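Chain naming follows the written order as A, B, C and D, and within any one chain the residues start at number 1.
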């Protein structure tokens, strides 16, 4: 047929893995376990591949071009692995400290603007007056919700939540619930899109291949069998230790 | 030379630094008071229900490592674990903690043993049976927790920590076996799932407050008080800013842009 | 009667999940097999997405983060492809990197689906991928500060100096637009912190639908010019006039959502039925 | 002395690295720019080195399973290690952009990761049936917002009932954005506080294992 053998095998493997992974939705079974261990192993292997790729491209290349200071980065990178050594594990703290310090610095310097000041500024700039009534109302509601939610997250001044003031937090919770409802519906949309992606793959790429229509029921029957508890299966007999 | 447009941000960062460090110093002398945290109040009722039904309580702290950025969530989860363990010991209910991170095992054992000692039931604690290391792989761990839920049908399920996609599997499975659930995470994507399925909810930063409040750790409590001051500043800036905008002056906006 | 009624309501409420799964599966499989071609409305964000790119002059440079993982490919892949169609039609220069470790492979996948040659676009001249760069926000900051100091090769480990598209590209200021396709909040938010905040680069992001709410505050504050979900790929495909996988999923999305609405209604009827019959 | 090197020095490194990056951003001092550029590139290299951690952890865990013959687990452990080796060897030897590697990736890793997350969709959907109920006022608010969005997200309904689109836009622009903004402001302070605590050595998770002496203050 038109498709070459390599891509036929590729599609078959991908199809089997897809079906085996979905089976977890019903019950844990050995096919899922096999697929899952393949996944975890492949992911770890993939990380090594790109780790090596990155070390070569961003470390080795500048080093060979004369940026000798990068030797230090290499040495630090290698001592990261002392964390597995019983005695010298503390050496790995130095490279980790560089990574952590860099991460914190990059995060703090920008967070204060991007997630604190910019948000305050955007809220403070909302117009209640001089706009049409609906926009004015929406903006007012917006401001009230932001203020209420920030108020809700003030924990250590208990008097701020006593008596009638408690209503502010209650209101904040309602607003957050509305936002969670919105988020939840969006999450469904994401997941259905993903399920469709896999179903479409099985339907348009795998099933048209010769033999797939025959294989599908066999795969499903085997899966169902694998979900039967070991004691109830005629074969294979459960090992004593499990 | 200060960079224009970043001056206010720098000032704010310094102010926050002072709030947080100051808060921690003050807390060493006297712990701050905390507001009521609705979810925590439900705990005695949840554990009591388990006692009535003679079924276990299940606890988990989700994924993440003690060394990563989500570590504070894990620490908060462990603080709640200590509190729930004490309640469970008092009520004579079995509490089972499902662990994802092998590195947490010794810490969790210590926390739970101390809780049982505080409740005067040191003998009732069986670490082997109550702290279960399931797997260090997300979905294997999820499958194992689901298996536990279906076999032992816990009366209550408490999930506090950094949760990822497995949160949906847990919430649904425990709901199905009839467990009453309390959940909390600061991972924004997972909160909605908990909000829909669980009976009690700790929202985002609430888990840190809950952890600090229960552990009575001066540094954590103080840090939260420092952050609260930051929130008050944000509140005032927004409130005054809105009024200023309504009055037609961009004074606050310009200040923030400085 | 009341007891029997109660049993019925309870049975309805506790219907086995296998039945629910089967219904969902049917709602997906039926429109996959026989597409209905239901209508797709185009929303404001998809229009903002389209017009942000459309407004750029030919020859403008765009920086793209292929930051999604395989897990999100069914949702984000179609949007990435549709957007590339648009950018190559407009003769923009597109320089991509990946903050996701699967990015380079998914880039290849997207390019195979797209077929840049139909616009006469050439690798290294009109578009390029400079590789996966580890470190997420560190990588963004590094590339923004000095792209050429961070990497001197593309994802195939060929020197960047050989590619005409890289001429004059130095740092974040060399780009007129930043686009991020991602399945991770660290990425979609990281670009706001590391590029938008210091360099004011115009930024649009395409994320999983479930990530939209946490990104909305940035959109409102103007840190983002458009925020779309991968699920809106169909709308952009319509605007760009290259119908693809996005449109194909629309029927399935419609059907499954109608089923969900039915679930909510039925679930509540069962719940109140049981309560009313004293359950 | 050793405590100083093992515990205090890493904290000092964190402090200096973070401070350097922040100074570079807020203050114009000649010389910090190139230093920070190098530091950031080192950060990338170190992260790249750290990408091997996952494999090493798995290696430790699964060789233990294999040597103990953990029932029902050890054959899978062997397979997992084989997969790591196959991916690593093919990817490093032939480069990740090679046809062979891309074939492997698409046959296994891609299909698996795409499906793993998709399969959680079934759980969420059954959650819709079981728990999206008007149990109290909070749940009612959640259901109303969620229900409206659900309706809007079905293209066929949105195309025929334009009101749904306006309703959904309002829900997203007003209550959702504002509530999320409140949460964001709180969370940003949490992130900054975490940074401050780490910089002054009050958050030492990154140090990993602490010895007895180090824990005793």
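FYI, contacts are C-beta pairs under 8 Å (C-beta built on N, C-alpha and C of every residue); 3 or more make two chains touch, one makes a residue touch a chain.
All of these numbers come straight from a predicted model, not from anything done at the bench.
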Remark   = By label, the chains that touch chain B as well as chain D are A, C
Key: Dominant interface by contact count, named by its two chains   = A-D
Key: Distance between chain centroids, defined by C-alpha means - chain A, chain D (Å)   = 6
Ask   = What is the distance in Å between the mean C-alpha positions of chain A and chain C?
value = 14
Request  = Could you tell me the distance, in whole angstrom, between the mean C-alpha positions of chain B and chain C?
outcome  = 31
Key: Multi-partner residues of chain B (each touching 2 or more other chains)   = 6, 9, 13, 16, 69, 139, 176, 188-189, 192-193, 195-196, 203-205, 224, 230-231, 234
Query = Multi-chain contacts in chain C: which residues touch at least two other chains?
reply = 17, 21, 24, 71-74, 101-102, 133-134, 138, 141, 150, 157, 198, 209-210, 212-214, 217, 220, 231, 253, 256-257, 260
Task = Identify all positions of chain A at which a residue touches two or more other chains, and write them in rising order.
result = 24-25, 33, 36, 40, 46-47, 50-51, 53-54, 58, 62, 102-103, 106-116, 119-123, 143, 146-147, 150, 152-153, 173, 176-177, 179-184, 186-189, 191-192, 194-195, 197-198
Ask   = How about chain A: which of its residues touch chain D in the complex?
value = 6-7, 9-10, 13-15, 17-18, 21-22, 24-25, 33-55, 58-59, 62, 69-70, 72-74, 76-78, 80-81, 83-84, 89-90, 92-112, 114-116, 119-120, 122-123, 138, 141-143, 145-150, 152-153, 172-189, 191-192, 194-195, 197-198, 201, 239, 241-242
Ask   = Along chain B, where are the residues that touch chain D in the complex?
value = 1-3, 6, 9-10, 13, 16-17, 20-21, 24, 66-69, 71-72, 136, 139, 165, 168-169, 171-173, 175-176, 186, 188, 193, 195-197, 203-205, 208, 219, 223-224, 226-227, 230-231, 234
Message = Give the list of chain C residues in touch with chain A in this complex.
response = 18, 21, 24, 28-29, 32-33, 71-75, 101-102, 131-134, 137-138, 141, 150-153, 157, 189, 192-194, 196-198, 208-210, 212-214, 217-218, 220-223, 229-231, 245, 248-249, 252-253, 256-257, 260
Inquiry  = For a test of understanding, state which residues of chain C touch chain B in their complex under the given definition.
reply    = 17, 185, 210-211, 213-214
Query = Residues of chain D touching chain A in their complex?
reply = 6, 9-11, 13-22, 25-26, 38-56, 58, 60, 71-72, 76-77, 79-88, 91-92, 95-96, 101, 103-125, 128, 132, 137-139, 141-147, 149-150, 153, 170-189, 191-192, 194-196, 198-199, 206-209
